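Both complexes below contain subunit A, partnered by subunit B and then by subunit C.
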Partner chain A sequence: MTTAAAAHAVPRVRRTRRRVPWLDRIAYGTVVVLLALAVLGPLLTPHDPYSVDLAKALQAPSGEHLLGTDGLGRDVLSRALAGARASILGALMAVAGAALIGILVASIATIGGRWVDDIVMRFCDITLSLPVMVMALGVAVALGPSLRSAVIAMVVAWWPGFARIARAEMRTVITSPYVEAARVLGASRWRLMLRHVLPNSLDGVYVQATLEIGGATLIMAGLSFVGAGAQPPSAEWGAMVETGSRYLTSAWWISVVPGLLITITALAFALSGDSLRNRNHPDATLA
Partner chain B sequence: MTHPTTGTPILEAQGLTRSFGSRRTTTRAVDDVSFSVAPGAILGIVGESGSGKSTTLRCVVGLERADAGRVLFDGVPLVGANRETQRRFRREVQMVFQDPYSSLNPRMTVEMIVGEGLDIHKMAESRQARRARVVEVLELVGLDATVLDRYPRSFSGGQRQRIAIARALAVGPRVLVCDEPVSALDVSVQAQVVNLLLEMQQQLGLAVVFVAHDLALVRHLCHDVMVMQRGVVVENGPCADVFDRPQHEYTKSLLAAIPIPDPDRDRARRAAAAAERRSA
Partner chain C sequence: MRTFRTKRAVGLGLATLALGTATACAADPSGSGAAGDTTLTFGVDGTVPNIDPVLADNSTVDQSVVPMYESLVDYDPDGTLQGRLATEWTVSEDARSVTFTLREGAKFHDGAPVTAEDVKYTFDRAKSLGVGVAQFLSDYASAEVVSPTEVRINLSSPSSLFLGGLAKVYIVNSALVEKNAGSDQGQSWLASNEAGSGPYTLEDFKPNRQILFEKYDDFTGEVNEAAPDKIVYRLIPESSTQREEMLAGNIDVADGIEPQDLSAVLEQDHFTSVELAKAQGLYVYFNMQRPPFDDPEVREGIRLAYDYQAHVDTILGGHGAVATGVAPAVMDCRPDIEPFAQDLDRARELLSGLAASGKELTLAYQSIFAEQADAATALQSTLRDLGVTVKLKTVDYPTYIESLGSVGTTPDMAVIWDNPPTPDVGSLLTTRYHSKFRETSTNFGQYGNPAVDKLLDEANTTGDAAARCELYQQVQQQLNDDSASMPVADEVTTVVVPTTVTGVELYPAHTGYMPHTYQIED
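Then we have the complex of A and B:
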């Protein structure tokens, strides 16, 4: 009996101390670099990302312009660095905003009783049945194309997903014995929500948010690419891919550089989110 | 000791009924259950799995809404009682849950967990007073101030149940409702936790409602016992009567299932326990 119990205890300890796989480490590292770029990128530009010099247009990568120049002679590296802020922070803000609204709505549904819950969640289901891109495109166009519209559009399209995840977790947490213990003590609904339910229901939302930042980068770029997001001449990766697409056969670097950055960003956040989700296995209790 | 059930009951249930399921397939988990507990008395509730013991307790403490019946606290029906009475009920009737692994919020420290009731009922004037009271209760249950800042995951099952008991005692209850408080624990610590509960009951003069599977434990611990089967109370009375002269077939079958490792020792122990109860 005792040996069986001991054998059972050992893997649990190991699991919590499990080493992080190398792919996950690369993903985390890339995310850190990207976040640093989002903050510092515009300060690191070797050239002015907006200075037009037609005499230098469409130059291939060289010592002077490490990643070449675009159709207006602007330095691609500088524009890519400057664009990091709009592209990454835009996606981050969109996801953070959507997660925040989702959590808020889920909390209201949880506290509000059956009617409120049914109405709110039905609304989320309907919104979720529309493709995010279509929805975001509609909102962005309606608001007038700009980076800000793109961010708002994504918040509008994305919060119901977060609301549903948060609501599902809250539904289980609110029936857990520690919440019942607080109810027996006479805790108010607000206390139950703020002290017990919310702190224990957000793991899934955090993981989902990390996963979605990757997708958000793609949608942001997509919105800019089709002209519903950041407008020329502003440096934003999606818009850069679009302007470069005209020269894809003669000057590939104009599109490929921001395109690669978008891909790397999407992958790094998606892999990090996935890794977080796996580490967040119910067995591993978090403080 | 005079049998404590002779006072006015501090907690009383009258005709509690609770059904589950859809319109077609309803099961009466609790069917017309009544009982009362006097201050300082221990009432045991026994019955097979699914007989409605937990649901009865949950109706009493308000975690479950009863379809019919009512709960009286200090002689006053809770439904329609004024705010003050309800608040007093929330403070003076506390519960210890079965599984201490899920009954403690994993993101709260021991100080927050044990002190929560003090906040809810505004029982601490200051942070220091609150902490002092938390430490006082922790010491009562055999822990100390060193655990204040630790999280539940770093404790064993027995320690967690002590923390859960401390949480219940912190607000100064007069009734403790326990739903199989040791059945989720290691056999080696069950006795310790039972003894702790008994000690607290005697020291603080608590009335206790104690649900258990272990009939031997109930006989050892309780003044009265209520036997439930499929939601119905089949037998009810002082422990000695019910255990020694069971009237109902179901009770007899339950008693027959008690393992008696050594009949002679068991009989001796029972006699000693009875003598102790009479003289104490």
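Then we have the complex of A and C:
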């Protein structure tokens, strides 16, 4: 009786928290579709995405070429599908790499004592003070423009953000009573870290990572757009927008199709990340 | 007249905002110059990190130094060699020396008179630096100062190419350069300063961004009264950006607008276009000192794989023609060579060995130029269909030229625009295909063939024009049979100018702008 009454007393809060809002559902669904595209996209292309056929250049969308052809007669739909792998998996790898390094650095800072912590975190602050795009651009150009350089550059520019979040959580967890208890029982630093602190402080990193994939897609496309990322004839979306920009007034589909895909990807991942964060910290307001 | 000024001021303002820097303020003309000054703003593609006139063999540098400097002689639009700083010249009986008489009263921008000493200094400097225009001085032995206005140039061997090559050897103020020589013969100083006697002075230079020239009032050469008072070069490598800047009124003149964008620009009534059939073409060069391109059959296979007609129709939008030999069609002394055409079956046959080897080839191109990027991608795709793997590599021009310094760093293949050093076809054939220019950055394919060398040497030392022509034709036939390079298409350059501008003409020795020859109507 009492439980039923309690449930009755707070129905609104519980219901909204349980039910996933429709926007979030769309976002999750889109993410699933995009991930499927990233894996299967290159297998689904109706035409060879890299085959140049100058006689068919700049054809408007039609039955044969659903999304038209580009300035060199390549099928835009096929290129968009083939490019999903580079664009989405590239961003995922960059974020995963950055998160891993961030967690590692945060762990070192947490167990390494005050000096190590100070040095590592001040270094993070310095790196964070530089805009991600500028830093990634610099690193990518220095490494020689390629998709791999772009991913490495993004990892280099992005890990400090993850390190900060992970370290903040680890600081909280390491002072919690159950960690104290484990310490009193004689657990070593490493054991404390691996068994107790790490598993309990990664929620924030997961959420942050999901949130950042959207931004990473944008930076990845941006790097390719300015020529520091994927190189021709790669079908990476940012590079596609760039090659199409010459024809924007006469053949809009070349740039608009990959441009829309970039927008959708960035939005879907950002909304999913937001939704995840809200479910983790229901009191946090949507930024 | 005033419209140009206002437009430019707005343009600079926008550029300042867009780039987020305040550097353009220094060039703002509103504080200087009399009311009614005319200004023409040019969109320049390519990169200009350095304005040392010794590098004027590069057409982008050439168009950046040509308003400020004078050479001894230059070609007029009708193709005749005319005096510039030199009023007359006499070639000695044995063709081993040339005596130049300099223009009376010619002055450098600091007021110092132009003397024979300056000519000697310029030639010696270029020769000892061994870069850029030094390629035109390969037969230069020494200079003797006969009198302040007379200088005798001695040649190591008679050369029919020598005089024409002087069109881009710009005479520098020896006293001024010496004063700032440092340890590199003034290279670092001249990289961003000028020491010329031309019709314009340098007001401002921001490497790879902007150059501002102002008319030199005491110019004693042939004065073009209707020339703009100020000339601004804004470096805008992307053609789509040039189009936008032009439509926004931020630049007045552009020669890098893509064919498909021309109509949008010309719809605006205040613009008109002038088509110049320049001696410029798109080429693919092979590194012929290394496998697989040491084999002429492999080179021929690559040449037969490309669809030239589609290149002209689609990539050039019809503004050009399929190449018919190593020299652009507008040049003299060319043999009759059929335009190259695609033959995939024969190409597949010739390239079967290369395809089977599985070797990955590098194809270098300049990504900022759409035509080169398109051609590189199209060639890569065709070769992929034939089983040959090609990796595209973007380079900038200075890096490419540097890589030609040795066979080891020269890319397997390169798609590049090329233009003859001088309007004399002999200069093109000699600098690009004579083995003595191998590993000197002018023999793009590192080509060497004793038979060709012999023909070229013979032609270059012959005074008889008809005999020279005949020899050059033989050379071109031989180069074609050898597939010594892959000429793709001859270009037509469309220069878009305001309707008030006239006098846009083709000066055969200069591929870039000749802004000091433009005339603005009132």
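Heads up, the rule we're going with is that the second predicted complex is superposed on the first by the 265 of 287 C-alpha atoms of A that agree within 3 Å, B and C clash if a C-alpha of one lies under 4 Å from a C-alpha of the other, contacts with A are read in each partner's own complex, and residues count from 1 in each chain.
Basically, contacts are C-beta pairs under 8 Å (C-beta built on N, C-alpha and C of every residue); 3 or more make two chains touch, one makes a residue touch a chain.
On a predicted model such as this, the values are computed, not experimentally measured, just so you know.
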Room on subunit A for both subunit B and subunit C (clash or fit): fit
Touched partner set for A:F123, first subunit B, second subunit C, both or neither: neither
Subunit B versus subunit C as contact partner of A:L185, first or second or both or neither: first
First (subunit B), second (subunit C), both or neither touched by A:P199: first
Which superposed partner A:V52 touches (first subunit B, second subunit C, both, neither): second
Partner chain(s) touched by A:S176 [first = subunit B, second = subunit C, both, neither]: first
Partner chain in contact with A:P233 - subunit B first, subunit C second, else both or neither: second
Closest approach of subunit C to subunit B (Cα atoms, Å): 47
Subunit A residues contacted in one complex by subunit B, in the other by subunit C: none
Contact footprint of subunit B on subunit A as seen in their complex: 176-178, 180-188, 191, 195-196, 199-200, 285-287
Of subunit A, residues touching subunit C in the complex: 50-52, 54-55, 57, 71-73, 145, 227, 231-233, 243, 245-250
Subunit A-touching residues of subunit C, taken from the complex the two chains share: 239-240, 258, 260-261, 264, 307, 310-311, 313-315, 367, 370, 373-374, 376-378, 380-382, 384-385, 392-394
Footprint of subunit A on subunit B - complex, ascending: 61-63, 87, 90-91, 93-95, 97-99, 102-108, 116-117, 120-121, 151, 153, 164, 167, 171
